[in-house]
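Two complexes come next, and they have one chain in common, subunit A, joined by subunit B in the first and subunit C in the second.
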Partner chain A sequence: MNMRAEIQRTPAEAAIVDAFGERLSLLPGDGAVMVKRDDAIEQIKAGLPTRRVESWHYTDLRRLLASVPAFDASAEAKPIAALLEGSTLLSIVNGVSAATPSVDGVTFQRLGDKLVDGSYAPALVTYGSDDAVGALNTAFVADGYFVDIEAGTQLEKPIELQNVQAGGQSHVRLPVRVGAGAKATIVERQTGEGAGLASSVSQLLLGDDAEVLWLIVQDQPETATHLAQFKAELGKNAKLTLFVMNAGGKLVRQEVIVKAAGEGADFKLRGVNLLSGESHVDVTMVLDHTVPHTSSTEVVRNVVTGRAKGVFQGRINVHQIAQKTDARMACNTLLLSDDGEFSTKPELEIFADDVACGHGATVTEIDRNHLFYLMARGVDEKTARGLLVRAFLAEVIEELEDETVVEPLEELLSNWFATHG
Partner chain B sequence: MLEIKNLHARIAESGTEIIRGLNLTVKAGEVAAIMGPNGSGKSTLSYILAGRDDYEVTEGDILYNGESILEMDPAERAAKGLFLAFQYPMEIPGVATMEFLKVAMNSQRKARGEEPLKVPDFIKRVKEAAGTLEMDFNMLKRPVNVGFSGGEKKRAEILQMKLLEPKLCVLDETDSGLDIDALKIVSDGVNALRSPDRAIIVITHYQRLLDHIVPDTVHVLYKGQVIKSGDKSLALELEENGYAGIIEEAA
Partner chain C sequence: MPAVQETIEQVRKIDVDQYKYGFESFIEMDKAPKGLSEDIVRFISAKKGEPEWMLEWRLGAYRRWLTLDEPNWARVDYPKIDFQDIYYYAAPKSTPGPTSLDEVDPEILKVYEKLGIPLREQEILAGVEKTVDPDLEEVGDNVYKSGRVAVDAVFDSVSVVTTFKEELAKAGVIFCSISEAIREHPELVKKYLGTVVPTTDNYYATLNSAVFTDGSFVFVPKGVRCPMELSTYFRINEKNTGQFERTLIIAEEGAYVSYLEGCTAPQRDENQLHAAVVELVALDDAEIKYSTVQNWYPGDAQGKGGIYNFVTKRGDCRGDRSKISWTQVETGSAITWKYPSCILRGDDSRGEFYSIAVSNGYQQIDSGTKMIHLGKNTSSRIISKGIAAGFSQNTYRGQVSAHRKATNARNFTQCDSLLIGNQCGAHTVPYIEAKNATAQFEHEATTSKISDDQKFYVMQRGIPEEEAIALIVNGFVKEVIQELPMEFAVEAQKLIGISLEGSVG
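Our next item is the complex of A and B:
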């Protein structure tokens, strides 16, 4: 620790530490929150993780985070239309929440209030010394929404938690508690304009028999840095489908940390990463199967163009007592340019002996035979390639089945191809 | 309509020559059968006509309506009216058949300067064509050829041919994998396309198909060359005596 503390700070590290000194008086929180913030900034002072830290091997944050923008109170961002029709929309604009709506069976609170009264302090935990995203967020988090869905509530309308930023910095948290047997669709929208730095931590607690579809849709501008964490814990027979779409950002790290902690729990991760330009997009998952009879599947599909670099790390820990775990992971990449890159690192740590676990990863180019077949029917090369790339991704999206979800996501896909294809 | 002159072609990757000085002329309105033992280069010829870039033409030319097509990519050739019904149609996961048909039809219309089809008109055409081929319309909601049986794939090829209304149709062993009823349906489908301004090349192993699609000319392909041409009686002769005699005669 002492040794690390003496390292020469990078401009980004120095900017973060200085910003903390300047912001401190403005950050909400009682004594307990402030203690957490102090611990967190100490962690940052010890240096951002480098490639020598295993979980950051492919994303050397210290090197890649070249600069950090100052907080910008004058930045003007505007909420955008919700992704899914009829959603209850809660926006955070430049890091600041707004008055909350009222929905039967749901309690919304502004997170700033829960920091001020200290009731949120116990939840401000990092998972270890390599949790740079958690530390940065804990140090600076100022707002967000707390959502509490009562047991048994069957939410008809989706809830969209929208984080819009226009340059500067924002640090938000989105804790959501879903009571036993409740059912909901939640959209986490991460968007904005300008060369901002955003950190966002979502914490989902899923009660027994609860069922949630959670969509993370990130389409930050290609100059933005986006550091995000999604943490979830699943109760007995709880079902969580997490769909992640990354369609923007310059430097993106999306961590997914899930615990299948109740028997019968099922977790699905479906990911679509659209990489272009000079972007670096990292999705890192750590999934723990801690009890017997839980299941999980992860399917991640990536399209890489330009000089972009992508990373998927998937670590599945099957604990010793977690017999009958069924876990499957697949990561498939379509490399559309010679200069693009994608690194996949699956890791299975299995301590139980009666389990079914597997993983597979492929990196391919467009199938020439498929291309020939389409062209032989008169489809020009560009259109044919577009069809094949979209088909590769559509398989993951269409699995969501619900048309009201599939269609808007496919539209986002079309928009991306219209500008990057 | 089609003139193949002293065509030599090899596999691009290995350089192995497959087509070795092939000559063939097919006129508008003609149905030409190409027969020949396995491995003689029939499918290779069909791929070269369609423009597959696994093959390199090293000598000779292919003229379509008097114009060389060697420099055209497969889509351009298709838009000009060339169609290949594949011996082994490809499965394309994730691309719905209906979507594929619509894109293909409208791409060709666009290349010819025509308006895209309106959706109801498109669906009506597909339903009609599928009906005459006794295909289940629901099958077309599935991805292209995925999970289709061998026979269903062949029917799907003919369905595409009917919808795209090409001028030069090349059918590569469309009869293989079809039972006798299906063979009849598919042959009727092909015969319905016979017209004075359209040429059809039927590649087959067996006389069987030629009972249903009666050819005007028959050509025997062997080791990358047409070694004998004749009328439909040549096919019957082959059925009787096999290829050995003709091969010897040519040698």
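Our next item is the complex of A and C:
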């Protein structure tokens, strides 16, 4: 029996390759963009990653992506209210951006325009043969927003980049450049209805001393496939706090690829993953510390119910010159149902000796002592369990401190518990 | 920080050439032709006087091996191995199965003498008093205090001598070479061989199944507590040979056995392959303790030569309340690819893994464990300490998984890495998979260097720097060392000292 049999394309792979042929003439972009698209589809033709590809070990995309819906321009969807009050809202509906608002110190551009004139072509890069999300997105990306925040701008109002999708397919990109010393709060909202397939790639370039709070809130319906990538590069003394909440989707892969490339840079990842039904949610982080004196902390908390499967892979690479790196990672999971599953792979790759790096991972059910403590005080079991699970998650959210951010997120948490608790 | 600078300087100077066991002995050998084919498999089987079923088993594995690809997921890097450039069988000429020590080639005895391995039964390990002719009946269930260790000495492809056989037989324990077991106890071998590591398991295990030449066989019958430590000492001597040994240990209901394994090889420029398979079976209430001190030749300071140590070790806690514990001290080999695992099949069974992996020079270690929880109320513990120095890469790769029915599975994992010098790498790759809500898994990992505070604390008490570092390193690995049988603990501590010589004194 030879394992190296010729790859037989799966229906999903065939659908993607066929769709590319059909849509080629509709996709925006000049020659340089089209070359990138051709390369990307070649990568898909070689087969979607299986569990034998290390970075997809727990998410066998080839097997899990059973079918791919056709592009559907007629599907109706509407933007929803912004998550944070007073936000500047930029929405993308079914993969098409709207007219851009004007804000002092910020330049907004529709990404479709930047594809047409080719100015975005150099940024269409994939990470190698296992970057299936990047390849799929590069092949089909048609729109999105480009946001350029000028150096020194202190944005009072949050910016919300909202991607709403109803069935069909959409592929968007959200490149954001934050100038030196600028400060901003950015919400990336991924939502919609129906059994769609969405790919989204965010690229954040953080200048020296810039400070950003970026919230990714994904609450796609339990029938949707959501493949997303968040890439960021941090300059000197730049600070990035990334908060990720996954509260929906059938097949979700959220990649977080961060490079701490300037001395004094600090990265924080806080994640809350709420899994229910038959969903498969994978959060995969690759963090590179490439220069000395950078720090990072990651706290990811997961709650698994129903027959859901959760995955967290986190890899911290400390490069040889990156002395004095301080990196900490924790992944805690509450497995609440007998049919749920959670797999985690927290990796450390360390080439510098003068560092302090650590990771911790736990998978448990609710602590019986805590439960007993509450029940001994007359709280019934269901309520007690609910309280403990909420406290477990709220801890991460509350760390964001800013009330205007914490409250809407806690409300989302409540909504999820109301339907799944 | 001058102190740190000094340490780094020391590490740079360090020579892996300080390998103590690098001598080569010239002993007349009986070798099979170079290369691998069905004929070689038949040759080995015939040399061993094996029954037909064993030959078929080997051939099946060989045919399977031809269809497999070499695994490439480990974090190790080496030139492709030419499997046709290896001798698969090499045996000292004078040993067509010696019946007593007197018949063994004195040259071989000299080798073991040089290595400090006691093959003469009256000898005991240094520092331990011998009790007056201890009677097994009287010792009963108690720990045997004489400090005697029964040794199976494997020289290249064959077992040259097994000591204390008769005494063990009195207790009902079978301890012999696997070749002998295939001839003398075929029913036991047939029943258990390949049931933990099937011939189809992985590339190197399959290769081993086809060409294994010797190894140890231990059978501890129901209710027997093995009266002494059992030990195998592996020595690769001949050039261009691969050593493929196979060890099978069976502990029946309520039995207990502690088994030690040691290995060395001469210093050579070319790489040599060592692909062993170890299978442990623990039935109800049985306990197996397996300790390894692995000190194969690691290659020279430039990373030339050394042993490729690609080993499959797995224990099957088949019975309820059974326990298997792996303890390893890994200081040798150019490349180590080794994951002693436990399959926790029986309810309430327990698996333990204690490891110290020290890498220096250009050594590459990718080692760890797997704890597969299948039964109810199973528990496991993993303590792994990695120390990387020089230009080495030291990876911990471990899997902990709880299957659907593994109610109340419990694991605690701690893997710490210590980096000495800035040219080495320490990596941690744990895979944690829970499919049962009642599972409780905890994993902790840290990587650091010896902190200046720690060093200052020790040094301000008048202890010189090198000794201070040695103390701290010893403290770092203490949790694992104390799991080793006493005789080995001393050796292991010395070994760690030698491996890091120049950096920790």
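Note that in this section the second predicted complex is superposed on the first by the 415 of 421 C-alpha atoms of A that agree within 3 Å, B and C clash if a C-alpha of one lies under 4 Å from a C-alpha of the other, contacts with A are read in each partner's own complex, and residues count from 1 in each chain.
Criterion: a contact is a pair of C-beta atoms (placed from the backbone, for glycine too) under 8 Å apart; a residue touches a chain by one contact, two chains touch by 3 or more.
The shown structure was predicted, so the numbers you read here are calculated from the model rather than taken from an experiment.
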Message: After the superposition on A, what does A:343 contact: first (subunit B), second (subunit C), both or neither?
response: second
- request: Please determine whether it is subunit B or subunit C that touches the greater number of subunit A residues.
  value: C
Query: Taking the superposition as given, does A:353 touch the first partner, subunit B, the second, subunit C, both, or neither?
result: second
- prompt: Just subunit B (first), just subunit C (second), both, or neither: which does A:370 touch?
  reply: first
Query: Does the superposition put A:395 against subunit B (first), subunit C (second), both, or neither?
result: first
Subunit A positions touched by subunit B in one structure and by subunit C in the second: none
- prompt: Which of the residues in subunit A end up touching subunit B in this complex?
  reply: 368-370, 372-381, 383-384, 387-388, 390-392, 394-395
Statement: Within the complex, subunit A is touched by subunit C residues 4, 8, 67-69, 73, 404, 417, 419-449
Message: For a test of understanding, state which residues of subunit B touch subunit A in their complex under the given definition.
response: 50-53, 73-75, 77-79, 83-84, 86, 89-90, 92-95, 99-100, 103-104, 107-108, 111, 143-144, 160, 164
Message: Please output the residues of subunit A touching subunit C within their complex, sorted ascending.
response: 1-4, 54, 57-58, 320, 323, 333, 335-338, 340-365
